[in-house]
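So that you can tell them apart, the chains are marked A, B, C and D in the order they are listed, and the count of residues begins at 1 in each.
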C-alpha cells in the first residue's frame, strides 16, 4: 500500500494561474437527481464547486430544476426529459450528447434512481463521454445489469462504490469482498482499466495499473447519508480542472477526509452533517495556499 | 423521582465505533407533515440528523416533497399518496409497510394533521411497526379516537405529549392532569407498557415499569412552536441508532434542554428559535467527545 | 415629546415566566403576502418570532404557502382562498373569522396588495378583530378607500404608515404632512382612538390620548425595502404576548432601531439588509436579560 | 491608463444622508433570469442590494418568481409574460414600459437567454430606458444581432462583457481582441458613447470620452460562474443611487475585486464562491464608514 499524503495531494493540485477565467477551471456535467433523492445531487454539485470548478451544470429531471435552482446559486441547469417516476428518461440521451462534447468532465449517478430508463442513460454516457467520467451510486447500480459496458467506455472512468455497491456489481458476498479487498479491487481496476475508489473506514484507491493507495483521513462522522455524494462531486470537480483521474481520486478522498476531521473538531462526529464539511474545505485550501 | 444526569446520558450514548458506515447508525422512518404544518416535519428531521442518525427518510404527502427537499439536504423522501386536504391518505399504508421493515425506528405525527385518513395511518403504523415507534403531536391526537390501539402495538412505543394532548388522550381536564402528573403518567405508562415523555417546564419521563425520571435542563425560550417537533426527532433518532426507548427518551429530553440552555446564553430566551438549538447540539456533543 | 428610553422598553417587556409554554407567549395571526411581494410577509413573520411570540400563523394566498413554508420553519400556515391576481380573495373572510377568535393579536397588510378583494378583507378584519390589530402598508392603503372603517374597529388598533402612506390616507400633501407631523398625527390618533406609528428618520408614536413619543434609535441603513415589514412584525409580536398596543409600538420602534444600530456597526449602513437585523435582536435581548 | 484607487471610489460614493428613506437610495429594475439560469439573476439582485440600493425589483419569467422569491427576501418581483422555453416573451415589453418610468436605473441580461423574444425585449429596453442602463451577458449577446441599436439608446449605457462576449459583439477573433484591448475598447466606447467594462484578470473601464481606467483588485478565485452577474448587480445598484454610470462602473469593479480579495483570504481562492463575496462587501463598506 502507498499512503496518500498531503504532499501528494498538493503537488497534484497546482496553484491557480493568475491570468485565468472560469473556462480555465473546467466545465463539469453532473447527471444526477430523482424525485425523493435530490439532496444527493445537491451535495455533489456543492462538492465540485468547493474544489474550484469553473462551472457546474446539473442535468436533472425537468420537474426538479426549480427545487435545485432555489439553493444552488452558482450552478446552471439542463432540464432533462423525465419519465413518470420522476427520473431521467432514456430519451434524455439526445440532450446529453452535445453537452458532453462541451464538458471537461462528467459525473453520473448521485440520487439518479435505478430503473430501465436510468440504466439506458448510464450506458449512453459510458459509451459517449470522451472526457473523464465518474460513476457513483445509482450509476454503479445500473452497471450491475451489464458490467461489460465498462469495456466500451469512450474515455477514462472512475468508480466510487461503497462495499455493498461493489459486491452487487461483482456479484459476490459483501463479507467475501471485505475479507479480500485488495484482491478484488486490483483485479477489477485492471480488468476494466479504470480507477476504483473503494470506500470504507480506510478508503482504498486502485489505479488501472497494479498500484493501490490507502487514505487515512476521515472519521465516523462521515457515516451518514450524503457523504458519498459530496466525495463524488469533489473528485469529479478536480477532474474537470484537468487533474488526471487517478490523482483526482486520491486528492478527493484525502481532502474529503481531512475536511471531515476538521468538521468533527468543530461540530462533533455525532452532530456533523455532510453539508457542514463544505465549510471546512475552505479552511483546508486556505491552509495550503490554494 | 430520579434526576436525569449528564452521566446517565453519556453512558447511554456510546462512542461511535471506528469501523462504521451509515448503516451502523440506523435508519429512521419519519411519517410527518401536511399542508400548512411542514415546519414541524422539518424540525423533526433535523433533530434526528443532529443526534447522529445514519439516514432519515421523510415520508410525507407527495405534493410537499419539493418543499421539504429544498432545505433538507441530507434526507431522502418517500412521497406518500395524499388526500384532497393535502394530508397523508389512508391508502399510503401500502407504501409504508415495506419501508417499516427496513427501518430501525419510526416517528409519526409531527404536523401530520388529524382526520380520518391520518388516524387510519397512525393505527396501521402502531399495529405494524416492529421497530421502536415514537408517536408525537397529531399522532397522539389520532390515538384519542381509540386509545386501546396502543394495546396492539407491534413493538415498543414512546409517547411525547404536552399537557393538553395528554389530557385529551386520557379524557381528563388539563388542570386535573397537571395537579396529579405522576399518578396519571405512571398509570398510563404501565397500563399500555410504553415510555411516556410528559412535557412541561420540568419534563417527566415515565418508564413502562414504575420508574419516573425528571429533567431539569431547558428554559422558557423553548416555549415556542416547533420545540416539541425538534425533541421528537431527537428521541427517534437516538432510538434508530439502537439506544433503548427509555434511554433514548431520557437522553433526548436532557440534550434538548441542555442545548436550549446554551442557545439562550447565545441568543437570549426571547429571540431564540427551535431551529437555532441545532447549532448548540453540536457544541454539546463536542464537549462530551461524541 | 417624550423620548423612548431603554428603561421604558425593558419595563414594558417583562421577564419571561419560568413555568410557561408556547400558549403563554401568544398567538399572532398575520394576514399578509401576495404574488411578487412575499418577502414583506416573510420579514414580518420573522420579526414577530424574534421578539418571542409563542406561535405565528401566516394566512396567505394558497398558491404562496409552499414558497413561504420553505423558509419559515417555525411558523404555521393558513392557506387562503385567492383571486386571479394571486392576492387574498374577499371570500377568505370566512376562513379568517374563526382564526381571529383564537388569536391574541392580528397583523394585516405586509405585501398584501391593494385591490377590491384585499380592501374587503381589511374591512372585515378591522370590524371583527377583538384582539389588538396592527395595520401596515397595503392594509393602510386599503383604509384610504374609506377611512371611517376605523371608527368601527372591534378592538384596539395600531397603524404604522410611512409619510407617503399617511399622506394618502389623510388626503393631504406629503410636504404639508411632514411640515406638521405632530399636529396631523395627534389629531388622527385621537379622532380614531388608535396608536399611530409615524415612521421616519425619527419615528413618532402617537397615543390615543395626547401623548407623543419620539424614538432616537435607528440609522439610514434602514432606508431599504423590507425594514417596515420587519417593524410591523415586531410590534404585532409584542402585542400577541399581551403587551398593550401603545407599549408594544414604543418597544417595537426602539428595538428595531437599536438592533439596526448594532447591525450597522457589524455590517455597515450601506450593505446591511433588514433580514440581517434579526441577528442583532438576539444580542439586544441577551444584553437586557430577556 | 489611470488606476482606480480606493480614494476615487470612496469619493464617488457619498456618505448616506441622515434624513433618508428607501426612495433616497433609488429603485433598480433588474430584467433577468430564465429556466436553468436563475442563479445569475439571484446574484445580480444580491449584488445591487449589498451596495445599498433602496429597492430592487426583479422582472423575470412568471414561472420563476416563486423560485426567486423563496430566497430573495428584500426584493419585489414583476412576473413577466414568458414563452414556451421559459424565457421572457416579447410581449412583456408592455409590462416593462411603465416600470422603467418609475426606476432610477435598469439592468438587463443576467441569465436572460438569447432568442428572438429576449432580443426584442433587449431592443425595447435600450430604446425606452431613459434612466442609466446596464447591459450584461445575454443582453450583450442579443445586441450581437444588431449592434446599432446602441445608437438609439434613450439614456446612458454601460456594457460589461467578458472577452468572448465582446469578440462576438464586435465580430472579431478573441485573440485579436485580447491583443488590442485598448484600441478596440476605446473605439467602441467612443463610437456608441457608452461606458465599457471590459472584464479580465485586470478589468479595464472605458469612458465614452478617451479615458481608460484599470482595476487592480481581484484574484483568480473570481474565475467561476456567477462572478460577472454579481458585478453587474453591483454597478447597476450604484447607478440606481444616482452615482454617474462611469463612476458606478469604476466603483463596482474596484469593490467587487477588493471584496473578492478579502474573500480569498477568508475562504481560499479555490473554495470561494461568488455568493460568499457578499459577506466581504459588508466588511469593506464598514472599513470605509459607508
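Note that a residue touches a chain if its C-beta (ideal position, glycine included) is under 8 Å from a C-beta of that chain, and two chains touch if they have at least 3 such contacts.
Being a predicted model, the structure only gives us computed values, none of them experimental.
Student: Suppose subunit B were not there; which sets of chains would still be joined by touching?
Tutor: one piece
Student: If you walk touching chains, what's the least steps from subunit B to subunit C?
Tutor: The distance in steps between these two chains is 1.
Student: Indicate whether more than half of the residue numbers at the subunit A-subunit B interface occur in both copies; give same if so and different if not.
Tutor: Copies use mostly different positions to touch.
Student: Using mean CA coordinates as chain centres, what's the gap between subunit A and subunit B in Å?
Tutor: 34
Student: How big is the gap, in whole Å, between where the Cα atoms of subunit A centre and where those of subunit C centre?
Tutor: Distance between chain centres: 49 Å.
Student: Among the residues of subunit C, which are close enough to touch at least two other chains?
Tutor: Subunit C, residues with two or more chain partners: 66, 70-71.
Student: Strictly by the criterion at the top, what is the full list of touching chain pairs?
Tutor: A-B, A-D, B-C, C-D
Student: Considering the complex alone, what residue numbers of subunit C touch subunit B?
Tutor: Listed in rising order, the residues of subunit C that touch subunit B are 13, 16-22, 24-25, 49-56, 65-66, 69-79, 281-286, 290.
Student: Inside the complex, what are the residues of subunit D that reach subunit A?
Tutor: On the subunit D side, the touching residues are 35-39, 42-43, 64, 66-67, 70-71, 162-163, 200-201, 220-221, 223-227, 265-275.
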